[in-house]
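Attaching a single structure in structure tokens format; questions to follow.
Chain IDs A, B and C follow the sequence of writing; residue 1 opens each chain.
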Amino acid sequence: MTQAIELRHITKTFPGVAALSDVSFDVPRGEVHAVVGENGAGKSTLMKILGGIYRPDRGEVLIDGQLAHIRSIHDSVAHGISVVYQEFNLMPELTVAENLYAADLPTLPWLPVLRRRPLHARAGALLAGLGLDLDPRALVKDLSVSRRQMLEIAKALRLDASILIMDEPTASLADAEVEKLYEIIRGLRARGKTVLYISHRMKEIFDVTDRVTVLRDGRRVGTELTSALTPDSVVRMMVGREVKRFSSEGPAASTEEALAVSGLTRRGEFEDVSFRVRKGEIVGIAGLMGSGREEILKSLYGLLPLDSGKVRIEGREVRIERPEDAIQLGIGFVTEDRKDAGIFPLMSVRENVSLNVIQRIARLAGLYVDERRERGILAEYTRFLNLRYASEAQPVMYLSGGNQQKVLLARALAARCKILLLLEPTRGIDVGAKGEVYQLMAELSRQGITLLMVSSDLPELLAVCERILVVWQGRITGDLVAGQADEAAIMLRATGTQAPLHGDR
Amino acid sequence: MRGPARLLESYFVYLVAAVTLAVFALLTPNILTGANIINLLTNAATVAIAAAGMTFAITAGGFDLSIGSILALTTCVLGKLVPHLGAWGAVAVALLVGGVLGAVNGLIVTRLRIQTFVATLSTMIVYRGLALIYTAGRDATLYANLDVKYFTAGALLGVPFPIALTLLVFLTAYAVYRWTPFGVFVRGIGSNQVAAQVSGIPVDAVLIGVFVVTATTTVLSGTLLTSQLLTGNGRVGLGFELEVITATILGGTSLSGGRGNVWGTLVAALLLTIIANGLNLLGLADPYQRLAKGLIFIVALALDSLLRLLRERRR
Amino acid sequence: MSRPPWFDLRERGILIAVALFWAICALANPMFHEESTYLSILREASFVGVAGIGMTFCIISGDFDLSVGSMLSLLAIACVAMVGHTGLILAVVLVTLLGAACGTLNGALIAILRIPAFIATLAMYFIYRALAYIVTNGQPVQFQERWFTAVGNGNLAGIPIPFVYLLILTAAGTYILRRTPFGRQVLAIGNSRRASEISGIRIARIRILIFAVVGAFTGIAALLISSRLWSANSGMKIGYEFDVIAAVVLGGTSLAGGKGSVVNTSIAAVFFASLNTAMNMFHVDSYMQRVVIGIVLLFAFSLNGIRSYVGERLRLRRAARDLGLAARRA
């Protein structure tokens, strides 16, 4: 059986960084092969080499047993390789069919007149062949995020590739759609196509892949059959050290009530949400995407208006209508979407951290920003959070994802918040940095700060939180004590069913 | 609620135009006489034709601020060459010159990687300079030449030439927009330029094409203008680009790109002319027209904004 | 490296351009050895530079204002009406407030009614000038107060008065941008609206304030210019907004917003004035001058553009071309 892909001693160095060193492994035809590793392990470099964007400094790539000189995307495609990247490259004002066939629109012979019927027919056939439920005539801007992801996949498959490389394909998909993706992948496998699947998510790797290659620091650590591995063993290979199941050192919460909400309602998002949180507690909020869990958090911060309900902070009833109110009341918010909604990319690290309190620390009736005080604040949180940056004047966009997240955390903490709301705080951060974030959260809890965390990562919630609230269709369906619950218990309540769920591990 | 709301957005300008016309009709019944309507359509032609081209530019996500200068240059070229080459010959040369200038705009944007706003801001200055140099700052008058008057006074198949030309231009523009790959490319680039590039659309070539289109339609406008003024002058058309952009946007072409409204542009150009015409008939002078233009722009957009806000709140 | 940004030469390219330009002119023309030449340049630069300070704030926050030229004509006419009754200092205060009022109107259209800045200021471009015409009946209006011409035409301790204004206002503008919470908020909004919202910044309020600032600085520019001309009319300074925006962009502030420098805008204004003066001194045909300015602008913008885009775009272009070829084969 020929190998679809053979990598021999692939090495690629960038100035100062050895992205890949002597990586060799094989992928047989018709296999779904996962490539796993922390951020910076070299997965995306490897992908770009196969995709024709980079050329290796040393080593060879063989496709179907033949030496392949992939010097451009053109070459890559010519060898039957197609890559689906994480960022969408779609044109919203055009239709699905137009996006698929933009470079190849059918026209009348000799005249530049568009023929829409053959265009839609061709698109329809392609989509049907892939089992995708997309209307060729629909405008992309009307499609949901998951449908757009499907379109991206269709675009990659249109080129009749024999090798498909997917980078974090489920990042924007809801659970039902992830199932659909699995179907497509299994269908591809049945047709003899080879799939390279790059992901962080253990569940998917164990759901749909045949073999796993783990990269660490640019080197291949191991390639094993998925069936011979466990999530823990994979993580151990990724990180290279024993990963303790993180657990907080006993309840740090006092009996004082920090936050109490009752009857929170926002039409179409959530209804009659009530719960109480004690000072210093770490409470998780779990639920499927679209269950309303994020919206609850956002409304506590004033980003979404409430239709009705009461909020009490330390016993006093308050109204939170905009983020400014929340900040005044000592509530901080750390968002998941750093790039678009969190950092000020062109501004310095120092300026990013001090922004929430800029008015507070200004002297002379708020007309003079004392940079020394700013630096003091930055220094304090650099120590506390172990922030790494080249210089305090460095624009934040140059920091790593983990450090950017810490900057957001620092900004919220600098405002001396007593309640910290976190939305997917460790999304996109590698395993090593995640551990640091968990330690920080425990430390904050010990200092009496109350934390409310929304996360899709159930093991994370179970490890870090003392209590987990579960949301389903806008209502609280569960209030579990973390030490006595497991993922199944959470999922039961998150789906509002009693049936046992697949994916239990 | 989405269906009717979206419909409202596209046809909003028609509504505004109809209302405005009705208001003026009540104030000055004269406005609806046959002669006046022909007058209206003829006056609208200059802005309308250039706006047809600008629709492509804005749909592609850019602007062409240099068209005022190209307009002036056209009148100068015609002013100087009609006596030698005759009306049609001179127009041919003007079209050629316009095409070249448009291509230059496109090359500056694609090769030098400068944003369209800033690039055409610069060429606006250069082209006007060229126009003034060409005529040494003086007028190039055409009293004796009757050929040129055809463009204003003549008729094509019984329809006054300016109106016929406008219709031809808009029919062509719509056809290209809706039924050619070029139209799809323009909308794609305006939606997401990076995606367009990665999808294999020849972005650079299309952008150059777009600027050639705006320049060419402007040359046609300039021809009509020259025929009315019977002179070529390097100082005409100051602020023309902003009027044309106003018509295009009022007509429903989205500033963010990807969504153009060709017929809307025509209606908007007519609307602007109706205002001018109506106010003229009411005896109000030029500044009031500019005032009214600005006010209608704001009121129309404010209404549009409010509608959008209401829609969002209901969701 | 924590060197204060003033000394970072990479951010002061425009300063080097001015210095180089002056050096070349000095070599080529003895007039550039005279103090009076430089003073005249500084004077001319101030008329655009003053408004440029306000516009810098606007562009940093991600907006821009196309109506400043029209606003200027209206405010200049207001100066003519006021100066005789109020004297200089009060006139400065009043015209600034009036300008701020106009700016607030712009800001309200944009931040409250959510009309895009381009369109709203485009509409006001027509409206302000029309108002100016109506108020003056299309006729130029003349100052009666002879002393007033000194403001635009005179010197203070050997320095042209308009330039004194420019210096003071540039310093004030820089301070506001870098050392006040307001300035930080302007930068934040230009960097990321969403993140600004989360940080509790009242975005609508700040945007309106920014446009008020643009109006205020335009008002002072109007005072200076009308003093220089000793008159005002509704047709004055058509195209002024483009001069101002060009100075801001030339100074290195990107139209995309998020970062910028008031000092650089002022230096860019000086550059333009130098260019104009030099061309006059070299007896360049006045029409040719326009061509030269346009080409210089293109050159300058392309440098900016090349610096930001070249790596990214070239790679994408190559990639796209390859993909396009491959797709056609499929």
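What we mean here is this: contacts are C-beta pairs under 8 Å (C-beta built on N, C-alpha and C of every residue); 3 or more make two chains touch, one makes a residue touch a chain.
Because the structure is predicted, anything quoted here is derived from the model rather than measured.
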{"item": "Distance-maximising chain from chain B - centres being C-alpha averages", "value": "A"}
{"item": "Chain pair with more C-beta contacts, A-B versus B-C", "value": "B-C"}
{"item": "Centroid distance [mean C-alpha coordinates] between chain C and chain A, Å", "value": "42"}
{"item": "Where chain B and chain C are represented by their mean Cα positions, the distance between them in whole Å", "value": "28"}
{"item": "Mean-CA-position distance for chain B and chain A (Å)", "value": "46"}
{"item": "Multi-partner residues of chain B (at least 2 other chains)", "value": "194, 198-201"}
{"item": "Contacts with two or more other chains, residues of chain A listed in rising order", "value": "103-104"}
{"item": "Multi-chain contact sites of chain C, meaning residues that touch two or more partners", "value": "319, 323-324, 327-328"}
{"item": "Partner chain C, residues of chain A touching it in the complex", "value": "52-53, 72-75, 77-78, 103-104, 158-160, 301, 303, 322-324, 326-327, 333, 335, 340-347, 351, 354-356, 358-359, 362, 366-369, 391-393, 411"}
{"item": "Partner chain A, residues of chain B touching it in the complex", "value": "179-185, 187-188, 190-192, 194-196, 198-201, 257-259, 315"}
{"item": "Complex contacts: residues of chain C adjacent to chain A", "value": "1-2, 5, 178-181, 184-185, 187-188, 190-192, 194-202, 258-259, 315, 318-319, 321-330"}
{"item": "In the complex, chain A residues that touch chain B", "value": "88-94, 98-99, 102-105, 107, 112-114, 141, 155, 268"}
{"item": "Touching residues (chain side chain C, partner chain B) in the complex", "value": "66, 109, 113-116, 118-120, 122-127, 129-131, 133-134, 138, 234, 238-239, 242, 245-246, 249, 255, 285, 287-295, 297-298, 301-302, 304-306, 309-310, 313, 316-317, 319-320, 323-324, 327-328"}
